[in-house]
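One structure below.
Note that the chains are named A, B, C, D, E and F in the order they appear, and that numbering of residues resets to 1 at the start of each chain.
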(Lines give C-alpha, C1' and ligand atoms only; values in the text may rest on other atoms or scores of the structure.)
Protein backbone atom coordinates (compact mmCIF):
# COMPACT_ATOMS: atom_id res chain seq x y z
CA UNK A 1 0.00 0.00 0.00
CA UNK A 2 2.94 2.34 0.34
CA UNK A 3 4.92 2.44 -2.87
CA UNK A 4 8.36 3.96 -2.91
CA UNK A 5 8.14 7.47 -4.35
CA UNK A 6 9.57 7.57 -7.81
CA UNK A 7 11.88 10.37 -8.82
CA UNK A 8 11.43 12.52 -5.74
CA UNK A 9 15.00 13.89 -5.94
CA UNK A 10 15.88 14.80 -9.53
CA UNK A 11 18.71 17.11 -8.46
CA UNK A 12 20.05 19.25 -5.62
CA UNK A 13 19.97 22.57 -7.47
CA UNK A 14 17.42 25.15 -6.34
CA UNK A 15 16.63 28.69 -7.43
CA UNK A 16 17.02 30.30 -4.02
CA UNK A 17 18.50 29.51 -0.58
CA UNK A 18 14.98 29.29 0.80
CA UNK A 19 14.01 26.58 -1.69
CA UNK A 20 17.27 24.89 -0.71
CA UNK A 21 16.14 24.97 2.90
CA UNK A 22 12.82 23.42 1.94
CA UNK A 23 14.68 20.69 0.08
CA UNK A 24 16.73 20.05 3.24
CA UNK A 25 13.47 19.62 5.19
CA UNK A 26 12.27 17.17 2.54
CA UNK A 27 15.52 15.18 2.66
CA UNK A 28 15.23 14.98 6.43
CA UNK A 29 11.71 13.51 6.15
CA UNK A 30 12.73 11.08 3.43
CA UNK A 31 15.46 9.86 5.78
CA UNK A 32 12.83 9.06 8.38
CA UNK A 33 10.65 7.41 5.75
CA UNK A 34 13.56 5.22 4.62
CA UNK A 35 13.44 3.51 8.03
CA UNK A 36 9.68 3.62 8.53
CA UNK A 37 7.74 3.66 5.24
CA UNK A 38 4.34 3.13 6.92
CA UNK A 39 2.55 6.50 6.67
CA UNK A 40 0.23 5.80 9.60
CA UNK A 41 3.15 5.26 11.97
CA UNK A 42 4.97 8.29 10.51
CA UNK A 43 2.00 10.59 11.12
CA UNK A 44 1.45 9.23 14.63
CA UNK A 45 5.11 9.67 15.60
CA UNK A 46 5.41 13.09 13.93
CA UNK A 47 2.37 14.27 15.88
CA UNK A 48 4.09 13.18 19.09
CA UNK A 49 7.51 14.68 18.61
CA UNK A 50 6.09 17.89 17.15
CA UNK A 51 4.84 18.49 20.72
CA UNK A 52 8.28 18.07 22.27
CA UNK A 53 10.94 20.77 22.26
CA UNK A 54 13.93 18.42 22.42
CA UNK A 55 12.63 16.31 19.53
CA UNK A 56 11.91 19.45 17.49
CA UNK A 57 15.50 20.57 17.98
CA UNK A 58 16.68 17.18 16.79
CA UNK A 59 14.57 17.56 13.64
CA UNK A 60 16.13 20.98 13.15
CA UNK A 61 19.60 19.42 13.48
CA UNK A 62 18.95 16.96 10.65
CA UNK A 63 17.66 19.81 8.48
CA UNK A 64 20.88 21.71 9.25
CA UNK A 65 23.05 18.79 8.11
CA UNK A 66 21.15 18.44 4.85
CA UNK A 67 21.19 22.21 4.33
CA UNK A 68 25.00 22.05 4.39
CA UNK A 69 24.88 19.58 1.51
CA UNK A 70 22.30 21.49 -0.52
CA UNK A 71 24.09 24.81 0.04
CA UNK A 72 27.41 23.35 -1.12
CA UNK A 73 25.71 21.80 -4.17
CA UNK A 74 24.45 25.27 -5.09
CA UNK A 75 27.81 26.94 -4.42
CA UNK A 76 25.97 28.82 -1.67
CA UNK A 77 23.82 30.57 -4.32
CA UNK A 78 26.63 33.01 -5.01
CA UNK B 1 -3.78 31.22 11.01
CA UNK B 2 -0.08 30.63 10.60
CA UNK B 3 1.01 31.44 7.09
CA UNK B 4 4.38 30.30 5.84
CA UNK B 5 6.79 33.23 5.97
CA UNK B 6 7.51 34.47 2.50
CA UNK B 7 11.05 35.26 1.45
CA UNK B 8 12.66 34.91 4.86
CA UNK B 9 15.99 33.72 3.38
CA UNK B 10 16.96 35.86 0.37
CA UNK B 11 20.63 34.88 0.60
CA UNK B 12 23.36 33.60 2.92
CA UNK B 13 25.69 36.59 2.59
CA UNK B 14 26.11 38.83 5.63
CA UNK B 15 28.20 41.91 6.32
CA UNK B 16 29.95 40.53 9.40
CA UNK B 17 30.59 37.19 11.15
CA UNK B 18 28.26 38.29 13.93
CA UNK B 19 25.37 38.83 11.52
CA UNK B 20 26.27 35.42 10.10
CA UNK B 21 25.91 33.97 13.59
CA UNK B 22 22.51 35.60 13.95
CA UNK B 23 21.48 34.11 10.62
CA UNK B 24 22.57 30.68 11.92
CA UNK B 25 20.31 31.19 14.96
CA UNK B 26 17.45 32.08 12.64
CA UNK B 27 18.04 29.02 10.43
CA UNK B 28 18.02 26.84 13.53
CA UNK B 29 14.61 28.23 14.57
CA UNK B 30 13.19 27.90 11.06
CA UNK B 31 14.23 24.24 11.17
CA UNK B 32 12.14 23.77 14.30
CA UNK B 33 9.26 25.67 12.73
CA UNK B 34 9.38 23.45 9.64
CA UNK B 35 8.29 20.53 11.85
CA UNK B 36 5.99 22.48 14.16
CA UNK B 37 4.50 25.59 12.52
CA UNK B 38 2.04 26.25 15.39
CA UNK B 39 3.41 29.31 17.22
CA UNK B 40 1.65 28.52 20.47
CA UNK B 41 3.33 25.11 20.72
CA UNK B 42 6.65 26.63 19.66
CA UNK B 43 6.54 29.25 22.41
CA UNK B 44 5.45 26.73 25.02
CA UNK B 45 8.22 24.29 24.13
CA UNK B 46 10.88 27.00 23.79
CA UNK B 47 9.97 28.26 27.27
CA UNK B 48 10.52 24.75 28.60
CA UNK B 49 13.84 23.88 27.01
CA UNK B 50 15.23 27.37 27.63
CA UNK B 51 15.19 26.30 31.30
CA UNK B 52 17.21 23.15 30.68
CA UNK B 53 20.97 23.11 30.25
CA UNK B 54 21.13 19.98 28.11
CA UNK B 55 18.46 21.28 25.74
CA UNK B 56 20.20 24.66 25.51
CA UNK B 57 23.40 22.92 24.49
CA UNK B 58 21.50 21.05 21.81
CA UNK B 59 20.15 24.36 20.48
CA UNK B 60 23.73 25.65 20.46
CA UNK B 61 24.80 22.59 18.46
CA UNK B 62 22.28 23.27 15.71
CA UNK B 63 23.42 26.90 15.56
CA UNK B 64 27.01 25.62 15.21
CA UNK B 65 26.10 23.41 12.24
CA UNK B 66 24.32 26.27 10.46
CA UNK B 67 27.17 28.64 11.29
CA UNK B 68 29.52 26.31 9.37
CA UNK B 69 27.33 26.73 6.30
CA UNK B 70 26.94 30.49 6.61
CA UNK B 71 30.66 30.98 7.28
CA UNK B 72 31.60 28.92 4.20
CA UNK B 73 29.07 30.86 2.10
CA UNK B 74 30.81 34.07 3.16
CA UNK B 75 34.30 32.63 2.56
CA UNK B 76 34.77 33.14 6.32
CA UNK B 77 34.50 36.94 5.85
CA UNK B 78 38.12 37.08 4.73
CA UNK C 1 25.92 -18.19 10.10
CA UNK C 2 26.22 -14.57 9.18
CA UNK C 3 28.99 -14.09 6.68
CA UNK C 4 30.39 -10.65 6.04
CA UNK C 5 28.97 -9.36 2.77
CA UNK C 6 31.61 -9.33 0.08
CA UNK C 7 31.97 -6.31 -2.15
CA UNK C 8 28.89 -4.44 -1.01
CA UNK C 9 30.49 -1.03 -1.68
CA UNK C 10 32.33 -1.07 -5.02
CA UNK C 11 32.27 2.74 -5.31
CA UNK C 12 30.47 5.90 -4.20
CA UNK C 13 29.42 7.07 -7.65
CA UNK C 14 25.72 6.96 -8.50
CA UNK C 15 23.72 7.96 -11.54
CA UNK C 16 21.33 10.30 -9.73
CA UNK C 17 21.03 12.12 -6.39
CA UNK C 18 18.20 9.79 -5.45
CA UNK C 19 20.39 6.71 -5.92
CA UNK C 20 22.99 8.57 -3.85
CA UNK C 21 20.40 8.96 -1.11
CA UNK C 22 19.65 5.25 -1.23
CA UNK C 23 23.36 4.52 -0.94
CA UNK C 24 23.47 6.77 2.14
CA UNK C 25 20.64 4.71 3.67
CA UNK C 26 22.61 1.55 2.93
CA UNK C 27 25.80 2.96 4.47
CA UNK C 28 23.84 3.88 7.59
CA UNK C 29 22.58 0.29 7.93
CA UNK C 30 26.01 -1.19 7.28
CA UNK C 31 27.30 0.99 10.12
CA UNK C 32 24.76 -0.59 12.46
CA UNK C 33 25.63 -4.04 11.15
CA UNK C 34 29.33 -3.44 11.80
CA UNK C 35 28.54 -3.33 15.53
CA UNK C 36 25.81 -5.96 15.53
CA UNK C 37 26.17 -8.53 12.72
CA UNK C 38 23.45 -10.83 14.10
CA UNK C 39 20.47 -10.40 11.76
CA UNK C 40 17.94 -11.57 14.30
CA UNK C 41 18.94 -8.85 16.77
CA UNK C 42 19.07 -6.29 13.95
CA UNK C 43 15.53 -7.05 12.82
CA UNK C 44 14.22 -7.06 16.40
CA UNK C 45 15.81 -3.71 17.20
CA UNK C 46 14.86 -2.12 13.88
CA UNK C 47 11.25 -3.12 14.47
CA UNK C 48 11.38 -1.36 17.84
CA UNK C 49 12.97 1.91 16.84
CA UNK C 50 10.91 2.15 13.66
CA UNK C 51 7.98 2.73 16.03
CA UNK C 52 9.67 5.61 17.83
CA UNK C 53 9.81 9.15 16.44
CA UNK C 54 13.02 10.15 18.20
CA UNK C 55 14.85 7.04 17.04
CA UNK C 56 13.60 7.54 13.48
CA UNK C 57 15.00 11.07 13.52
CA UNK C 58 18.34 9.67 14.68
CA UNK C 59 18.33 7.23 11.76
CA UNK C 60 17.59 10.16 9.46
CA UNK C 61 20.57 12.04 10.93
CA UNK C 62 22.98 9.22 10.09
CA UNK C 63 21.60 9.09 6.55
CA UNK C 64 22.18 12.87 6.31
CA UNK C 65 25.84 12.52 7.31
CA UNK C 66 26.44 9.77 4.76
CA UNK C 67 24.55 11.72 2.10
CA UNK C 68 27.06 14.56 2.56
CA UNK C 69 29.85 12.13 1.72
CA UNK C 70 28.10 10.56 -1.26
CA UNK C 71 27.05 13.96 -2.64
CA UNK C 72 30.61 15.28 -2.41
CA UNK C 73 31.92 12.10 -4.07
CA UNK C 74 29.56 12.77 -6.97
CA UNK C 75 30.43 16.48 -7.14
CA UNK C 76 26.78 17.05 -6.23
CA UNK C 77 25.72 15.50 -9.57
CA UNK C 78 26.43 18.77 -11.33
CA UNK D 1 18.31 44.08 31.99
CA UNK D 2 20.28 41.89 29.64
CA UNK D 3 21.35 43.81 26.59
CA UNK D 4 22.58 41.94 23.55
CA UNK D 5 26.35 42.13 23.44
CA UNK D 6 27.48 44.48 20.72
CA UNK D 7 30.31 43.49 18.42
CA UNK D 8 31.38 40.34 20.22
CA UNK D 9 32.50 38.64 16.98
CA UNK D 10 34.49 41.05 14.80
CA UNK D 11 36.13 38.24 12.82
CA UNK D 12 37.11 34.57 12.87
CA UNK D 13 40.85 35.07 12.47
CA UNK D 14 43.08 34.28 15.44
CA UNK D 15 46.82 34.36 15.98
CA UNK D 16 47.18 30.76 17.09
CA UNK D 17 45.20 27.48 17.05
CA UNK D 18 44.77 27.78 20.81
CA UNK D 19 43.11 31.18 20.50
CA UNK D 20 40.98 29.63 17.79
CA UNK D 21 39.94 26.95 20.26
CA UNK D 22 39.02 29.60 22.80
CA UNK D 23 36.94 31.36 20.15
CA UNK D 24 35.15 28.05 19.51
CA UNK D 25 34.34 27.82 23.22
CA UNK D 26 32.97 31.37 23.10
CA UNK D 27 30.84 30.63 20.01
CA UNK D 28 29.43 27.58 21.78
CA UNK D 29 28.37 29.73 24.76
CA UNK D 30 26.91 32.45 22.56
CA UNK D 31 24.81 29.75 20.91
CA UNK D 32 23.37 28.83 24.29
CA UNK D 33 22.82 32.50 25.11
CA UNK D 34 20.94 33.04 21.84
CA UNK D 35 18.21 30.72 23.16
CA UNK D 36 18.40 31.75 26.82
CA UNK D 37 19.65 35.34 27.29
CA UNK D 38 18.83 35.42 31.01
CA UNK D 39 22.18 35.24 32.81
CA UNK D 40 20.73 33.89 36.02
CA UNK D 41 19.24 30.88 34.27
CA UNK D 42 22.45 30.41 32.27
CA UNK D 43 24.61 30.30 35.40
CA UNK D 44 22.20 27.98 37.20
CA UNK D 45 22.06 25.54 34.27
CA UNK D 46 25.81 25.72 33.59
CA UNK D 47 26.48 24.86 37.23
CA UNK D 48 24.27 21.82 36.86
CA UNK D 49 25.62 20.35 33.65
CA UNK D 50 29.21 21.10 34.61
CA UNK D 51 28.68 18.34 37.21
CA UNK D 52 27.55 15.80 34.64
CA UNK D 53 29.89 13.84 32.42
CA UNK D 54 27.46 13.30 29.57
CA UNK D 55 26.51 16.98 29.46
CA UNK D 56 30.18 17.98 29.54
CA UNK D 57 30.83 15.76 26.54
CA UNK D 58 27.95 17.43 24.71
CA UNK D 59 29.50 20.84 25.43
CA UNK D 60 32.78 19.50 24.06
CA UNK D 61 30.97 18.35 20.90
CA UNK D 62 29.64 21.84 20.19
CA UNK D 63 33.13 23.28 20.71
CA UNK D 64 34.44 20.70 18.22
CA UNK D 65 31.93 21.77 15.55
CA UNK D 66 32.80 25.45 15.99
CA UNK D 67 36.52 24.62 16.02
CA UNK D 68 36.09 23.10 12.53
CA UNK D 69 34.74 26.43 11.31
CA UNK D 70 37.38 28.57 13.02
CA UNK D 71 40.20 26.29 11.85
CA UNK D 72 38.98 26.43 8.23
CA UNK D 73 38.65 30.23 8.47
CA UNK D 74 42.29 30.37 9.51
CA UNK D 75 43.41 27.90 6.82
CA UNK D 76 44.40 25.65 9.73
CA UNK D 77 47.07 28.22 10.78
CA UNK D 78 49.41 26.86 8.12
CA UNK E 1 48.19 -5.06 31.24
CA UNK E 2 46.71 -3.22 28.32
CA UNK E 3 49.47 -1.69 26.25
CA UNK E 4 48.70 1.05 23.80
CA UNK E 5 48.63 -0.43 20.30
CA UNK E 6 51.63 0.68 18.35
CA UNK E 7 51.25 1.88 14.79
CA UNK E 8 47.61 0.96 14.33
CA UNK E 9 47.02 3.86 11.90
CA UNK E 10 49.88 4.13 9.40
CA UNK E 11 47.78 6.11 6.90
CA UNK E 12 44.24 6.87 5.76
CA UNK E 13 44.60 5.56 2.21
CA UNK E 14 42.71 2.40 1.31
CA UNK E 15 42.35 0.42 -1.89
CA UNK E 16 38.57 0.51 -2.04
CA UNK E 17 35.63 2.43 -0.49
CA UNK E 18 34.71 -0.72 1.42
CA UNK E 19 38.12 -0.93 3.06
CA UNK E 20 37.70 2.76 3.83
CA UNK E 21 34.44 1.95 5.56
CA UNK E 22 36.16 -0.75 7.60
CA UNK E 23 38.82 1.78 8.59
CA UNK E 24 36.05 4.13 9.72
CA UNK E 25 34.66 1.36 11.93
CA UNK E 26 38.12 0.85 13.39
CA UNK E 27 38.60 4.57 14.05
CA UNK E 28 35.24 4.64 15.82
CA UNK E 29 36.33 1.80 18.12
CA UNK E 30 39.73 3.36 18.78
CA UNK E 31 37.88 6.51 19.86
CA UNK E 32 35.99 4.48 22.46
CA UNK E 33 39.20 2.79 23.54
CA UNK E 34 40.92 6.16 24.00
CA UNK E 35 38.48 6.87 26.85
CA UNK E 36 38.23 3.32 28.20
CA UNK E 37 41.35 1.23 27.51
CA UNK E 38 40.25 -1.66 29.76
CA UNK E 39 39.27 -4.47 27.38
CA UNK E 40 37.04 -6.19 29.89
CA UNK E 41 34.88 -3.09 30.34
CA UNK E 42 34.88 -2.50 26.57
CA UNK E 43 33.61 -6.01 25.82
CA UNK E 44 30.98 -5.84 28.59
CA UNK E 45 29.67 -2.46 27.35
CA UNK E 46 29.80 -3.42 23.67
CA UNK E 47 27.75 -6.54 24.44
CA UNK E 48 25.15 -4.33 26.10
CA UNK E 49 24.75 -1.64 23.48
CA UNK E 50 24.90 -4.14 20.62
CA UNK E 51 21.48 -5.25 21.93
CA UNK E 52 20.01 -1.75 21.78
CA UNK E 53 18.75 -0.13 18.58
CA UNK E 54 19.35 3.46 19.67
CA UNK E 55 22.92 2.72 20.74
CA UNK E 56 23.59 0.86 17.51
CA UNK E 57 22.45 3.90 15.55
CA UNK E 58 24.81 6.05 17.59
CA UNK E 59 27.68 3.70 16.71
CA UNK E 60 26.66 4.00 13.07
CA UNK E 61 26.74 7.81 13.38
CA UNK E 62 30.34 7.80 14.57
CA UNK E 63 31.30 5.49 11.71
CA UNK E 64 29.60 7.96 9.31
CA UNK E 65 31.67 10.87 10.63
CA UNK E 66 34.91 8.95 10.28
CA UNK E 67 33.89 7.71 6.83
CA UNK E 68 33.63 11.36 5.73
CA UNK E 69 37.25 11.84 6.72
CA UNK E 70 38.52 8.63 5.14
CA UNK E 71 36.57 9.26 1.92
CA UNK E 72 37.99 12.80 1.62
CA UNK E 73 41.50 11.46 2.29
CA UNK E 74 41.05 9.08 -0.63
CA UNK E 75 39.54 11.74 -2.92
CA UNK E 76 36.39 9.60 -2.80
CA UNK E 77 38.27 6.79 -4.64
CA UNK E 78 37.73 8.57 -7.93
CA UNK F 1 44.48 25.86 42.16
CA UNK F 2 43.77 24.95 38.56
CA UNK F 3 45.66 27.25 36.25
CA UNK F 4 44.74 27.41 32.60
CA UNK F 5 47.27 25.37 30.64
CA UNK F 6 49.55 27.63 28.68
CA UNK F 7 50.43 26.80 25.09
CA UNK F 8 48.87 23.36 24.96
CA UNK F 9 48.03 23.70 21.24
CA UNK F 10 50.97 25.19 19.31
CA UNK F 11 49.71 23.86 15.97
CA UNK F 12 47.56 21.20 14.30
CA UNK F 13 50.31 19.55 12.27
CA UNK F 14 51.39 16.05 13.26
CA UNK F 15 53.90 13.61 11.85
CA UNK F 16 51.49 10.73 11.36
CA UNK F 17 47.72 10.08 11.22
CA UNK F 18 47.99 8.27 14.55
CA UNK F 19 49.48 11.31 16.26
CA UNK F 20 46.70 13.30 14.64
CA UNK F 21 44.20 10.94 16.24
CA UNK F 22 45.85 11.43 19.63
CA UNK F 23 45.61 15.19 19.13
CA UNK F 24 41.89 14.78 18.39
CA UNK F 25 41.50 12.92 21.70
CA UNK F 26 43.31 15.75 23.47
CA UNK F 27 41.12 18.41 21.82
CA UNK F 28 38.04 16.49 22.92
CA UNK F 29 39.24 16.50 26.55
CA UNK F 30 40.18 20.18 26.43
CA UNK F 31 36.63 20.89 25.26
CA UNK F 32 35.29 19.19 28.37
CA UNK F 33 37.79 21.06 30.52
CA UNK F 34 36.72 24.39 29.02
CA UNK F 35 33.31 23.89 30.66
CA UNK F 36 34.52 22.18 33.84
CA UNK F 37 38.10 23.16 34.80
CA UNK F 38 37.93 21.47 38.22
CA UNK F 39 40.11 18.35 37.92
CA UNK F 40 38.42 16.54 40.76
CA UNK F 41 35.01 16.77 39.08
CA UNK F 42 36.56 15.83 35.72
CA UNK F 43 38.13 12.66 37.12
CA UNK F 44 34.96 11.70 38.99
CA UNK F 45 32.79 12.15 35.90
CA UNK F 46 35.26 10.49 33.53
CA UNK F 47 35.36 7.47 35.83
CA UNK F 48 31.58 7.27 35.62
CA UNK F 49 31.08 7.58 31.89
CA UNK F 50 34.05 5.34 31.10
CA UNK F 51 31.84 2.56 32.53
CA UNK F 52 28.94 3.34 30.20
CA UNK F 53 28.79 2.21 26.58
CA UNK F 54 26.56 5.03 25.36
CA UNK F 55 28.75 7.69 26.96
CA UNK F 56 31.87 6.09 25.53
CA UNK F 57 30.35 6.25 22.06
CA UNK F 58 29.61 9.93 22.60
CA UNK F 59 33.25 10.51 23.55
CA UNK F 60 34.24 8.68 20.37
CA UNK F 61 31.95 10.97 18.37
CA UNK F 62 33.67 14.11 19.63
CA UNK F 63 37.06 12.58 18.79
CA UNK F 64 35.73 11.86 15.27
CA UNK F 65 34.71 15.50 14.76
CA UNK F 66 38.09 16.79 15.90
CA UNK F 67 39.86 14.16 13.79
CA UNK F 68 38.15 15.63 10.71
CA UNK F 69 39.70 19.01 11.53
CA UNK F 70 43.16 17.65 12.28
CA UNK F 71 43.15 15.44 9.17
CA UNK F 72 42.17 18.38 6.93
CA UNK F 73 44.86 20.54 8.56
CA UNK F 74 47.41 17.88 7.62
CA UNK F 75 46.03 17.46 4.08
CA UNK F 76 45.23 13.89 5.18
CA UNK F 77 48.98 13.15 5.52
CA UNK F 78 49.23 12.61 1.79
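By our rule, a contact is a pair of C-beta atoms (placed from the backbone, for glycine too) under 8 Å apart; a residue touches a chain by one contact, two chains touch by 3 or more.
All figures in this text were calculated on a predicted structure; none of them were measured in a lab.
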Chains touching both chain A and chain F: none
Partner chains that chain C and chain E have in common: none
Steps needed, at minimum, to go from chain D to chain E via contacts: 2
Superposition of chain B upon chain D: rotation angle, C-alpha, nearest 5 degrees: 60
Remotest chain, chain A as reference, centres from CA atoms: F
Remotest chain, chain E as reference, centres from CA atoms: B
Chain centre separation (chain E, chain F; CA means) in Å: 16
Averaged-CA centre spacing for the pair chain C and chain B, given as whole angstrom: 28
Multi-partner residues of chain E (at least 2 other chains): 46, 49, 58-59, 61, 65, 68, 72
Category of the chain touch graph - line, ring, star, complete, other: ring
Ring of chains, enumerated from chain E in the sense that reaches chain F first: E, F, D, B, A, C
Touch list for chain C against partner chain A, complex: 16-18, 21-22, 25, 46, 49-54, 56-61, 63-65, 67-68, 71-72, 76-78
Contact footprint of chain C on chain A as seen in their complex: 7-13, 27-32, 34-36, 41-42, 45-46, 48-49, 55, 58-59, 61-62, 65-66, 68-69, 72-73
